[in-house]
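Following this line, the structures themselves.
What follows is subunit A paired twice: with subunit B in the first complex and subunit C in the second.
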Partner chain A sequence: MISPRFSKIASWVYLAALYGFIFLPVAVLVLFSFQDGRLPVPPFNGVTLKWYGEVFADSRLMSALGNSLMVAIGSSLVACVLGFCAAYGLARYILPASRLQRGLLVAPMTVSYLIIALGLLSTFNWLGVSLSLWTVGIGHVVINLPLCFAIIYASMGDHQKNIERAARDLGAAEWQVMTQISAPMLMPSILAAFFLSVTFSWDEFIIAFLLSRFDVTLPVEIWSMLRSGLNPKTNAVGSVVFLVSVALLLILELIVFRRTAKK
Partner chain B sequence: MASVTLETRENRRAWGFVTPALLWTVAFFVIPFLVMAAISLATRKGRDIVMTFNLDNYITFFEKAHLLKGLFVSLEITFTVTIISVILAYPLAWIIAERVPQKWQRMALIMAILPFWTSYVVRSYSWLLVLAKNGVINNALLHIGLIAEPLELASTRTATVIGFVHFFVMLLTLTIYANLVQMPPNYRRAAADLGANGFQVFWHVILPLTLPGIMVGAFLTFVLCIGDYITPQILGGNNELALPQVIMLQLGRRADFPMAATLSIILMVVVTLAYIACARWLKMERT
Partner chain C sequence: MTAPVSIRNATKTFGDFTALDDVSLEIAVGEFIVLLGPSGCGKTTLLSLLGGFLSPTRGVIEIAGRDMGDVPPSKRPTTTMFQDYALFPHMTLRDNVAFGLKMRKVGKTERHAKAEELLDMVGLKASATKKPHELSGGQRQRVALARALAVEPDVLLLDEPLGALDLKLRRQMQDELKAIQKRVGTTFVHVTHDQEEAMAIADRIVVMNEGKIEDVGRPEDIYMRPRTLFSASFMGEVNFFPGTIDALTDDAIHIHTALGAVKLPASVMADQNATAAQKITLAIRPEHFRASTGTGPRITLGKAKVEDGAFFGTHHRAHLSPADYPDMIITAHMPQSAIIEPGAWIDLTLDPASVVILPGHPAAKVQEDAA
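Then we have the complex of A and B:
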């Protein structure tokens, strides 16, 4: 029989070991982004901010960063609006084959991004559409629409339905009900869907890689930096991306969860 | 009669809400998929695609060893990753659910997710820093004198598996944790009252009850792992190619679009088969 004391110590050791494993690469990444030398590997020579300076002075990287933000916000807005309208229609009205419709809307979730990207690439080639940030954006809406729809649809309960009905009885038009009653009530889940889409799009590589040509997004630009091998500058970009993403996570946590907590 | 017109008007309005999203999905998901399926039946002639509508590409796939091998490499990597991830994640989820004080559990989970908020490309690159010939691990091992020569860790299947396991341990910890905290504590107490020891309680009560959660997480792992290009490309290198790498090779160097489409359809068939197996198993478990 294992003594409870031993099992307790073993648990904490295991916990520490796995958290060490989980954090190891990020810790190494951030530490060696300050490396005062040409290689981001041990020994650590000392602290410099040189590589961050180079990152912010790199116009290609900065424009890729701008492109990424643009595509992420734009495609998430479209995905959220389409997803919200579809969720509203399917949750509030009885439509024929609604199960099939819901299935169709979430179907892209079950397919690898690579396959979605290849399908769109074949179609754009066939139609003669030239690749740009627009085509990347279209691809990102395809992967984020199921997510937005599912999140918003799941949060549409009967409780809101009664309030909407009251507004309608008091003479509100359908668009007023939707924009002034339903949307504000569902705002926490709409925001959650939006920020989740932003982070997915921000991080997405294969669709952005296959569907872009001259203007690229940040992951694609980082990918092309990798060809030069290990480089502290890549560490610095990675650390910046990490910080931006953590900031997004914090915003999400603060806005969405504080709102729900208040209610 | 009035109610009928109202209903049709209501119905038309409802379609107005749903149609844009449906159109988007059909135009940019369903049709592209059909186009790709059609191209998989075509043949490459120089730089052109000739619509031949035959199964030549699929036959070639089963005849050419280097193509077929991609599928097997992918399947081997995926199964290895799924099994190792489940084995590592289960105890972690259990410790977080049972040993960590309740008010710290949320924090523990957030901390587990945190490192994954770097970009996907950067995460694989960070593992390269750890595993490279002059990387952190080799440096540490050389330093304490455990090895005399640096180990060849990067550009191997081991590196690919480590990179994947890193991500999926986190994912599976979340799904298994969700399952563990949902379980009423009475079950365990009842089993203990009836004379089961700690191991028996785990083996006959807790494990079977959390098996659906494990299966869902394992299926997610399978789907995401088998379709990923970045991790095997950055960490595994070009020594042995996983299926997505073979697909990208057809697209890039060989410019063989029909073959890339064929391989994608095969990839999708494999994922669908895994889904059917998983769904059927879950259904059997429930009845």
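Then we have the complex of A and C:
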């Protein structure tokens, strides 16, 4: 018979191990970004903000950061608009083979980013499209559209259908129903889709690496820094990436889920 | 704004199922019409045809003399008040009510003024800047009414709008609906399965069953002089006595039922083309077995024994079994002051004018519903 005291301790240990496993790498990354020395490995010599200073002074890193934000926001906007239109069409109209169409829309979620990137790369080559941030953005729309569609489609219920019917009854044209009724009503899920999509695009590497040439996104720039070896500066820029992701998730939590909870 | 509605031979089929079967109905300007019937009777289908959410398989619908054939809901002079309110959750009450005007490109100041005027009419002016989720069910219902009336439709369609409210609130909203309808003068077409609600608000009731119109008339006519067995049994409690016509004279009709022969004035016959030997049914409301103490013309169906009784406030509701046919159970409403004791004997005395003769015999199920 295991004593309750022991099982209580064991469950706490398990909990600590679980979170340790998930967060230890990030904690180490962040900790050694403050390393006062040249190597981001133990022993920890003391705290300095020098590496962060270097990161923000590095014009290549900063322009990569700008590119990343641009690609993330732009591709997420496009993915949300397309996802919303697809969800509205499939939820509100009887379309031929709508199950198959829904399946095809979400199917790219199951394909690895590497395969998608390779496919896009050969397609762009064949079409003679030169690689740039635009092609990276297109790649990110391809991976995020299924996600945006799935989230928005899942939130379209029959109750809203009746509300849209009421709007039509009061004289709204179809585009007015979509922009003034459906989209605002579904805003929590549209925002959720948008922020998730931004976070995915923000730290996506493979597609960004294979589909860009001169202008690159932040993960690609970090990767080229890593080729010259580890140093606390890579830790610092990694921490910045992580911080932005956390901030996005917090915004998502605060704006979107707080809003839904209120209703 | 208000307009007449003309429905001619409207039929709506869904695959093999006929939801609406060759229905014709004329609705006058400013009338409060209630479509009454059980679920699946076609009343909501008819309302959807008027609103333009469905188009008839056959037949014509005219509003204000205009054929509505190819007119979509947004272009029709109708608005609908939905059962689940269907308010716009992300808009204030004012924006909800002003939405239809906004779609008609009415300026902001003007439409807000109109919206507040309508919110004032339904008693919610102070809540103009609130969102729908802050309101109770009854308040949401009022906003839905204000929103539907804001665009001054010729015809307002009400799809069981009071179904989700509790009884007391429903009675209150019925009075308000009726009062507002009188005030704005718009033609109202209201769908319900609640016969008391229908009687409370309607100028005319349209009783529907299995896609057809069974009966049309003022609440008094439908209740006291129903034209079909279905109509009689759907509008409140009724006792059916199946019988046969023995003979017809100019002013009287001789009938025999399980309870013996009766002679009734010819005026109580719903079908004027009746012939001798035709199967008919006497329909008698429970409250009409009270004539034993009054004066005037009387008929009797013999005596009946009280099986049980319960006090309902306005009356005693008793089950009686007639002496001549003990298998039959009659429901009777006796006066408040009556003393109802099981085993007592009562005279089944009636004013002949209160009896309705309907063609045909009830199907087994109708009898069950009535009992």
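FYI, the second predicted complex is superposed on the first by the 263 of 263 C-alpha atoms of A that agree within 3 Å, B and C clash if a C-alpha of one lies under 4 Å from a C-alpha of the other, contacts with A are read in each partner's own complex, and residues count from 1 in each chain.
Everything below uses one rule, namely that contacts are C-beta pairs under 8 Å (C-beta built on N, C-alpha and C of every residue); 3 or more make two chains touch, one makes a residue touch a chain.
This one's a predicted model, so the numbers in the text were calculated from it and none came from an experiment.
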Room on subunit A for both subunit B and subunit C (clash or fit): fit
First (subunit B), second (subunit C), both or neither touched by A:111: first
Touched subunit A residues, subunit B compared with subunit C: B
A:159 touches, of subunit B and subunit C: first, second, both or neither? second
Touching partner for A:128 - first (subunit B), second (subunit C), both, neither: neither
Contacts of A:46 with subunit B and subunit C, given as first, second, both or neither: neither
Touched partner set for A:167, first subunit B, second subunit C, both or neither: second
Angular separation of subunit B and subunit C about subunit A, which is computed from CA centres of the superposed model and rounded to the nearest 10 °: 100
Subunit B versus subunit C as contact partner of A:185, first or second or both or neither: second
Superposed arrangement (fit on chain A Cα atoms) - minimum subunit B/subunit C Cα distance in Å: 5
List of subunit A residues in touch with subunit B within their complex: 1-2, 8, 11-12, 14-15, 18-19, 21-26, 28-29, 32, 39-43, 82-83, 85-86, 88-90, 92-95, 101, 104-105, 107-108, 110-116, 118-120, 122-123, 125-126, 138-139, 141-142, 145, 149, 174, 199, 202-203, 205-206, 210, 218-219, 222-223, 226, 230, 234-235, 237-238, 241-242, 245-246, 248-249
Residue numbers on subunit A that touch subunit C, as the complex places them: 159, 162-163, 165-173, 176, 181, 184-185, 187, 263
Partner subunit A, residues of subunit B touching it in the complex: 10-11, 13-18, 20-22, 24-26, 28-33, 35-36, 39, 88, 91-92, 95-96, 99-100, 111-112, 114-115, 117-123, 125-130, 132, 134-136, 139-140, 166, 169-170, 197-198, 223, 226-227, 229-230, 234, 244, 247, 251, 257, 260-261, 264, 267-268, 271, 275
Residues of subunit C defined as touching subunit A within the complex: 51, 53, 72-75, 78-80, 82, 84, 86-90, 99-100, 103-104, 133, 147-148, 151
